[in-house]
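Here the chain labels run A, B and C in written order, and each chain numbers its own residues starting at 1.
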Amino acid sequence: MMDTGYNYAYLDEQTKRMIRRAILKAVAIPGYQVPFAGREMPLPYGWGTGGIQVTAAVIGPNDTLKVIDQGADDTTNAVSIRRFFARTAAVATTEKTTEATVIQTRHRIPETPLGEGQMLIYQVPIPEPLRWMEPRETETRKMHALQEYGVMHVKLYEDIAHYGRIATSYNYPVLVNGRYVMAPSPIPKFDNPKMDRMPALQLFGAGREKRIYAIPPYTRVESLDFDDHPFEVQTWDGACALCGATDSYLDEVVTDDAGGRMFVCSDSDYCGDRRAAGHTGDQGATAADYVRVTEAGQ
Amino acid sequence: MTPIIQVQNLSKSFTLHTQGGVTIPVFSNLSVDVAAGQCVALHGPSGCGKSTLMRTLYANYKPTNGRVVVLHDGAPVDMVSATPRTVLDVRRRTLGYVSQFLRVIPRVPTLDIVAEPLRTWGVGADEARHVAAGLLTRLRIPERLWALAPATFSGGEQQRVNIARGFCAPYPALLLDEPTASLDYANRETVLTLIEEAKARGAAIVGIFHDAPARERVCDNLFEIEAFRSAA
Amino acid sequence: MSMSSNPMLSVQGLTHWYGARLGCRDVSFDLWPGEVLGIVGESGSGKSTLLSCLSCANRPSGGQVLYRDRSGAMVDVHALSEPRQRLLMRTDWGVVHQNPRDGLRMGVSAGANIGERLMAVGARHYGDIRIGAQDWLGRVEIADDRTDDLPRTFSGGMQQRLQIARTLVTHPRLVFMDEPTGGLDVSVQARLLDLLRGLVADLGLSVIIVTHDLAVARLLAHRLMVMKDGTVIESGLTDQVLDDPHHPYTQLLVSSVLQV
């Protein structure tokens, strides 16, 4: 079974214990960034080392792992990470959200609602929501400790002053459990409401910055806004060209060099399920069309 | 009736450390009382200490010893030993001072400079300006100048603005340093009338007048400072 | 000026040493609401050290700074925990720095600079915050159409006025100013001083202002403390200290001022 020469899930047991301790602390203080001693992983910073370390610490032989990258199971990174755990942790893998016990994600939350007993592990580039305003780590720690969050609303204020509306569309700051302001990772703001009181456990790992944070199940997560500029999610005029969904996050796909484009669900599993159930897009495009188009664009 | 101003054994000298430490004595053991409705003229030759005494009464100068007791809100306050905030309170509400020179603050219009004492009494802006306007009119400062800062006014005009400011609020006590200097006959008459009005409402006034007829008209007593000149 | 029974600030024996070098020694005074206290002296006199010990920027080597908080209790500000000190600095106290860049967020618009303190204490209505910010811009004589501009596009005088607006927007009770007009053109200084005079009077602020410029002290301060070599050598009513200086050093200082 395990001929890789590595310990189970690649990391040694002491490291996994250290990460689990950090995770326990994170779960005990929702939204609070817990420092951890990040290890050298077989891929560079910026490619998901934080998410991988968290997954490695929590995964077990009875788990089923799904890995998505911008909602898709079949991108290079998602495939690589899935194969990594298949080899080092001998876990079953899946592309179906409903079958997974552990889901590692880069920059999206699956459309299919998650349930108790599932774990969503986010890859995080910059865990500190105040970093854009305050470069000093010593200062941002104090600001979190003292709830000095006026500066987060300053960012939103600036957006409204310059663009007439809050222009932040991803990595939209949230208030967790009424206490800590948190960076949800670069998920589109469309996904923010899914975090609120999600039945699943949400874990966040930042490898380069060496921070772990967590949102326990059923925790209140509120997106920051103003009374007169309430939080709003993105909307599209049309529906998914493949499955006709009007309630999912759509990617824009360029189909030719003459300006042609179509919008398809970012969540490939969700779209596939809908098509399998018989839904089609109003453009009449089929899954076969979609594959043809994307291959042609290589 | 307690005098409004009671000066007791006041002595003043200056020690000029920047000029070799020379000491210049001015007066010593000086005492004088000023009652309500009374005007006392400080009298003596030039340089005998009239302005110095007046400034010491105002706590602008610090005496070497003695007391300057002013009746403030019915209670005696010694200007010499009082805390700065008490002295400022006395200056705001009890003891007015018309100096020889108008200290010009840039950008504040004449009308507001004159109205300011009433404003610190809690009077509303409009009413204070109204009173100020009345005084400026009596002192013949043309209305077109009221919105300007007085920095560019003539010496006589500045003096009249100073006087208007000094008489705007009904102080129980007033110190007037040469109020009729550099004024023409008409304006001098107005100032003397203002002093008489103040006396009539019970103000205690200490004044320095080089102009003998003016002094004789409004002052009840002469106070000779020379009598208290200190030994060198 | 209110004649309440407790001073707003009571400083006792404040002393600070930089190793073996004296910063300031044995400074004691009381400050009442609405009073402006000027601390004057030349470079190296200890006035900036004193200000930093008063405003919690430095922890003094000895002495106490007692502050009367809104409940009327006198608290030792250096015995407060850091969170409480920081809260004090954001609500009851304000600091106007000599260099406006030290007191502003240069990368954020003027309106946001002023609005930040409001947002920090819970303001959540964008329209109201913006109106409040523009009201204050008006009070410090910055045109409305600069609301969304960055401070780095402002002149030095405008930056300083913006800093003042940002500091005063939450109506602090006590404001520390360190050479607020330093480095500004004379005409700009005059305008700024006039503005400060008006605001101090309108808002009933207590102010401790450090300056080496006696003209600034005369215009703004009710009381003066003159410092030399770390100690207060003379103090009293501003006009009395400047018109009838007693200490040799004060006399030297006053006589050295050039007359225009």
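For this structure, a couple of remarks:
Throughout what follows, contacts are C-beta pairs under 8 Å (C-beta built on N, C-alpha and C of every residue); 3 or more make two chains touch, one makes a residue touch a chain.
Fair warning: this is a prediction, and the values are worked out from it, not measured in the lab.
Judged by the touch criterion defined above, the protein chains link up one after another in an open path, with no loop closing it. Put simply, the chain nearest the middle, going by average C-alpha positions, is C.
If you average the CA atoms of chain A and of chain C, the two centres end up 48 Å from each other.
Here the CA centre of chain B is 32 Å from the CA centre of chain C. Centre-to-centre separation between chain A and chain B, using Cα means, comes to 78 Å. For chain B, residues touching at least two other chains: there are none.
Remark: chain B residues 14-18, 55, 59-62, 84-85, 87-89, 92, 105-108 touch chain C in the complex.
Chain contact summary for the complex, chain C toward chain A: residues 82-83, 86-87, 90, 105, 108-109, 111-112, 115-121, 124-127, 129-130, 147-148. Interface residues of chain A, counted against chain C in their complex, comprise 133, 142, 145-146, 148-151, 153-154, 157-158, 160-162, 226-229. Of all the residues in chain C, the ones that touch chain B in their complex are 1, 3, 32, 35, 190-191, 194, 197, 219, 222-223, 236-237, 239-240, 243-244, 246-248, 251-252, 255.
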